[in-house]
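Two complexes are shown next, each including chain A; its partner changes from chain B in the first to chain C in the second.
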Partner chain A sequence: MQVAEHNMDSQASSALLQQVRERFAGKILAEQSTCDGIPTVWVDRADAKALLRYLHEETTPHFEMLFDLTAIDERVRVHRDGQPASEFTVVYHLMSFSGNCDVRVKVPLQDADLQLPTVIELWPNANWYERETWDMFGIKFEGHPNLYRIVLPPTWKGHALRKEHPARATEMEPFSLSDEQEAIEQEALLFKPEEWGMKRQSDNSEFMFLNLGPNHPSVHGAFRIALQLDGEILVDAVPDIGYHHRGAEKMGERQSWHTYIPYTDRIDYLGGVMNNLPYVMAVEKMAGIEVPARAKTIRVMLAEMFRICSHLLFYGTFAQDVGQLSPIFYMFVERERIFNIIESICGARMHPGWFRIGGVAQDLPAGWDKRIKELLEFMPPRLDEYDRMVMDNGIVKRRTQGVGSYNTNEALDWGVTGAGLRATGLEWDFRKQRPYSGYENFEFDVPIAVNGDCYDRCAVRVEEMRQSLRIIKQCMENMPAGEVKSDHPLTTPPRRKEGLHDIETLINHFLSVSWGPVVPPEEVTMSIEATKGINSYYLVSDGSTTSYRTRIRTPSFAHLQMIPEISRGFMVPDLIAIIASIDFVMADVDR
Partner chain B sequence: MTLEIGSALTIGLILGTVIGVAAMLIWVERRLLGFWQDRLGPNRVGPFGLFQVVADMIKIFTKEDWTPPFADKFSFVLAPAIIMTVILLSFAVVPFAPNLGIVDSNIGVLFVLAMASLGAYSVMLGGLSSDNKYALLGSLRAAAQMVSYEVFMGISLLGVVALSGSFNLREIVLAQEDMWYVLPQFVGFVIFLIAGVAESHRLPFDIPEAEQEICAGYHTEYSGMKFGMFFVGEYLGLVLISSLITVLFFGGWYGPAFLPPVFWFAIKAFAFIAFFILLRAAIPRPRYDQLMSYGWLFLLPLSLINLLVTGAIILNSQ
Partner chain C sequence: MNWQLQSVDEATSPQPGGSEVDDFIRRNVMMVKLEDMVSWGRKNSIWPFNFGLSCCYVEMATAFTSRHDLARFGSEVIRGTPRQADMIVIAGTVFRKMAPVVRLLYDQLLEPKWVISMGSCANSGGMYDIYSVVQGVDKFLPVDVYVSGCPPRPEALLQGLILLQEQIGRERRPLSWVINEQGIIQKEATPVQRDTRRADRIAATELRSPDDT
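And now, the complex of A and B:
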């Protein structure tokens, strides 16, 4: 099973590295090996863009997507043997869909001179990632058209993910807001169209600027879009995010490996334990923990239940946003049933934090399959009914078909993953392409659609719920016997059964529980097919009880960036349909 | 033209009943929606939650009634009063039972249409005077929608007027003693029903106040009792449209003799009210331009054809 789990097979990665070595002979500073098997190449910033362009356009396979772009503050990191001297490292994570492989490009920078060229012309979605990296680390991207803060307020002092920036309120002065400061903050919030790249008038009409959000019924959280309107036609729509930012990545640097798990639940707060999965898998990879089959299957089962819950909420709010009031109330019936099952297994409903490093918290309760059996009988006919109610409805079709469509290439350009990508006709599901946690053992189909419009995005998710039911059924019927936690010493909290018999296990238990596990120095990226697209955790350990750098790549962040692209020329009600069809939660965007 | 105005007692009775019914609809709608949506609805205050209306009233009367400093005060205050006034005035010509009604006007149908047109001012003034962009969008939409749908509304009624030979609502009811006009004028009925939903801007035609798109549309800035007047005005509109459908197409107070006529009127009107609430529970909202083109490209020709056919048949049978 371990073989099937995605490790980029060494042949493909050495073939790729060979191409890079030949073309960039003498320019590669180092090749780093990481335990996830993703080839990692260090280059100087002068060569970075050329290398990225080469990977994007010329290598076999091409790397169509800029999957992630972030940085690491390396100044206090230990255990970086073999890596070039660097105070700040910019990390480009590229993904190839044609070759089903990844590559990482790292660029070392010194604190005194934090800049490198932008890559927006290669991948348009680099725009927000570069702004975020500027916001968090103070790294400048030359040639970027609007390198403003994106997540933190414009008046923020310092760059939050630099190590010298405090992580807790107790490390800072008590917060106060004087009248002058308030006036400054208010002034900074004032909408100035020019700063957003908007003109105030065209040749024959004056535009209206409409501030949609951050508090608006249909923006699904605290999210603001500045609209430039000609009548009700959208000339431009610029998303403004950051209202839900909690510094989840910064928290990862102060919590222990174990105590960070509940924080992950709140990233995509509709995904529940599914958020735990990439995180614990990443830690397990670094620690070399092999998870027992029963734990894997429990993880899959719970994750699929949360997928259904999340999709049901999407489905209901999608219908509601095109004006259909009732479906969401019916859909909450199933959601409630599933939460009841989750509660009886985990003890909590939306954010159980149930996965542990090395397994899950506890075994399934007695009679766990009874309610699942009921759900499997209850739900399919209701799903059919929803189809008749929503998907077959003429007005829903007229409101959503042909609205907000994009094709596969555009989707890859903008970093779109998940149902939004499959709705364009690309059959690419992480669970199939790079099976994790035992997904290779399940029979299920990957639904796709062809038009890539709002209607198709919804249709794909509706079918995914049926597939998830299939997976849950297989979990129920074939639940393996055995342990739900690994015997590995870094499993947290460790199993106790040997602890009373030998001193080694007892000490291990004591340390793991009091300090938390010490994870060996490594770097790893683990991704899963989450409810909204590919969610991935990039963890850097320097051999301590906490993570040195926790990078959370969320699907929603990428998806929102595409809103202006797909909504220009449509009307305000279409924008609402587009927003609804994207299926995002702001906690997943801002982190 | 004779205008006999009913006694002050009748006026008071009808006024009280109509406003009372409109207020009760707050509870009725929430309970019915709850029933259709697999949930309970308000059931805590009093038996079956009936006193919810009282609680809502107390709340709405004691809430801060805020007029935004940037609003145009005069029209901001005037707008909600207009909608209440014109709809209540329309009830003056509605015959509820053989000897129950306020005025028997020879121009009853025209009067109702005229009042409905004035109602558009309320929504437009409310939106424009608020000086809020959402309200502005809402009132723009409302103006376009109400003006367009009034056209079909008027034309769809002409079939009934031609059949009965009168603009007097009471005479229209009397002319339906043998056969309700819903049979010969089925197309007219359907168009009037659709136009009626659009006129009272309820879902699926609540485009001027589509909350998912433009918050609350034209009444975004309203609060307290001024908002309450828009709110009750909407329910009054619902009662009015249901009453008119009953009068024009379903034989008004006519019904089997075991119940008094006014009960038959109430039962029919309530059935339509419930139908409008069901529409809200069932149907999504079309886009604003889709609604307009549906009106002008489909309903208008259809209502004209209906009128032509009706006219031809009447001429033929004379």
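And now, the complex of A and C:
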């Protein structure tokens, strides 16, 4: 099996840098090279917006999507060779779909003066990313219409991802909830329409404000959305998130590279080991580990099984939310059967945490192929049956067709990836466009749809399950022989074969197991086509046993932000169909 | 309280030599103390509140659906409002932003009410010793049963539910409204499973190899 991973075409990236250099001569503070090959340009905040506008509108290729926006607290970072002086760095990660390439723009800021202009008018999805950066770092974005806390409670003191903020709950005052405190917190959570520029009445009617969530059967977890209603018609909506913030990014600064793996499982908790993949790939990239072909294929096979599991849950709850109660009872049977297989391979159901830096935890158990064969036999007829039950159902069609639709440009503006993007007709799958972990060796199609409505988003996912089965079949038939873990010394835990013969290997083993591996100072972004869209890990290593900064870009965060945009003018039941069709989990939103 | 079930094949007509009246009474009349009867009913019809926080909720939903089928234990009636439910399963991580909401929902459950804490996060914060997570829901709610696991298997939740049912079955509550002290009689505390099953667990000397399916 050949090893070919997508690295940004060096020619394309130098052509892009050339354009930037010409236009912004003398204004570029530095060009940084990172091991993922994504061109990274440092620019002063006075020029930042002009550069971002230039990249968005004028360069070839254009950067249609603000893929990610975050910051790094650089104050205690040691390895910053060649980077401009900065205490807080704001990082813009842009993505071009026309040119299939990325660029990173970094803006240095000093702690005493943490502000820079907003970019909402370039990319509307910057809104939430900027609020998050304010919430986590205290960086102000001038011109932002509602720069409120988004993730932490409104009563919170401090900014969690600053290095001086405590990480552990046990370092802070023990939590207690007195009646007075509860009243204060509840008061702070009260939705105030005026804060969001909403009127309480129009010329001919008074609006009703309806609070949906944070606990509601159809919001799939702890998610709240405040609705402004004119009768039954939705005038506007304000999603409120942060009820599921588990501090996964701060956790990365404390756990060793190896012991962070289980935390990644719980990001998109329906994706299981698929979440491990971008993380371990990112660490492997920094450490320079080449993963054996067998491990890569095992990873693909398990990731695709989890994709089916996740899509089945989506399929069932989608049908349930639009009023069909039985499909979910059938689909959970299939899900259980797949979990049985996963359990026999990994030893756990939902969160196996089974991938390792440099490979996977164990080889496949004897008889695995028999169980996969069973899966390949029982699934397809069941999927056909579900098509008849759900997709051909007239009520489901009427509830979802033409509801919550958006086109490709809107999707790119709002940072939508995954099935939601493909449902608009853009054939863009990370596994095809930038193959990783050996996806270039598999034959599969990228299902698309045309209308971009709720029904199409579901239809795309249904077809993706069939494609996943195709991939699993190819994995089964062509499983390469060989090792499941790399021989590289930073592989964790390292193979013990030579450990009893030479002291060097034994020392490596001991250190990797007790302290964890020391990853060389680097920066890297690794992305995958996860169950819900593009999931990406941006890791900054400062040459130690833990990550200096772990940034997790999750698809659901971007998707939720779009809800008001696509649900205006519909009725409340349509909103439920829209929420169901997005397929999000709150852990994937708030992390 | 005793009762017996009769299989369908069993003759329902009176047997020769037997007393027809006795048989009829045995099948249709049950003598029982009212408070035992109420507690039996309470035990076998726990209505859970449809409430979930994170990953554990998915396993909880798995327990509701066909393979595990919570209906076998009389708990399939999931209520969307706390005012109609008896029991809340704290399924998932309890976040500081969510804590006041959880408390409000708990307060809205009608008495008598019970709490199952499902999964490591709800039990103790688990692997999330982090600024935004409450280190265990028992910091602000009384918990009746803790189910361990991350997330617990659906079977574990079922076991937790059975333990709760047994505990409720042992409880005696006043039959009418009571002011001040509720007069709840807890006959004996539910034993800690770690202690009761320790001997069995230590006795296991051979574990299945992970090398085959």
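Quick notes on this structure:
Assume the second predicted complex is superposed on the first by the 580 of 591 C-alpha atoms of A that agree within 3 Å, B and C clash if a C-alpha of one lies under 4 Å from a C-alpha of the other, contacts with A are read in each partner's own complex, and residues count from 1 in each chain.
FYI, a residue touches a chain if its C-beta (ideal position, glycine included) is under 8 Å from a C-beta of that chain, and two chains touch if they have at least 3 such contacts.
Small disclaimer: the values here were computed from a predicted structure and weren't measured.
When the two structures are aligned on the shared chain, A:Val396 is found in touch with chain B, with no touch to chain C.
Looking at the shared chain after the overlay, A:Pro381 reaches neither chain B nor chain C. Contact with chain C, but none with chain B, is seen for A:Leu177 once the two complexes are overlaid on the shared chain. Applying the stated contact rule after C-alpha superposition, one finds that A:Met571 touches chain B and leaves chain C untouched. Contact with neither chain B nor chain C is seen for A:Gly82 once the two complexes are overlaid on the shared chain. By the document's definition of touching, of the two partners only chain B reaches A:Gly323; chain C does not. By the touch criterion defined above, A:Leu152 reaches chain C but does not reach chain B. Chain A is touched at more residues by one of its partners, and among chain B and chain C that partner is C.
When the two complexes are overlaid on their common chain A, residue A:Ala222 makes contact with chain C while staying clear of chain B.
When the two structures are aligned on the shared chain, A:Val333 is found in touch with chain B and with chain C. Counting contacts as defined above, chain A residues 217, 329-330, 333 meet chain B in one complex and chain C in the other. The touching residues of chain A, counted against chain B in their complex, run 208-211, 216-218, 232, 319-326, 329-330, 333, 393, 395-396, 398-399, 571-574, 576.
Partner chain A is touched in their complex by these residues of chain C: 50-55, 57-59, 61-62, 65-67, 80, 93, 95-101, 103-105, 125, 127-135, 139-140, 150-151, 153, 210-213.
Those residues of chain A whose C-beta lies close enough to touch chain C in the complex are 152-153, 160, 165-170, 172, 174-177, 181-182, 185-186, 189, 214-215, 217, 221-222, 242-247, 250-251, 262-263, 266, 269-270, 313, 328-330, 332-333, 335-336, 341, 344-345, 347, 349-351, 362, 365-368, 370-371, 586-587. Interface of chain B with chain A (complex): residues 33, 36-39, 133-134, 136-137, 203-204, 206, 210-215, 280-290.
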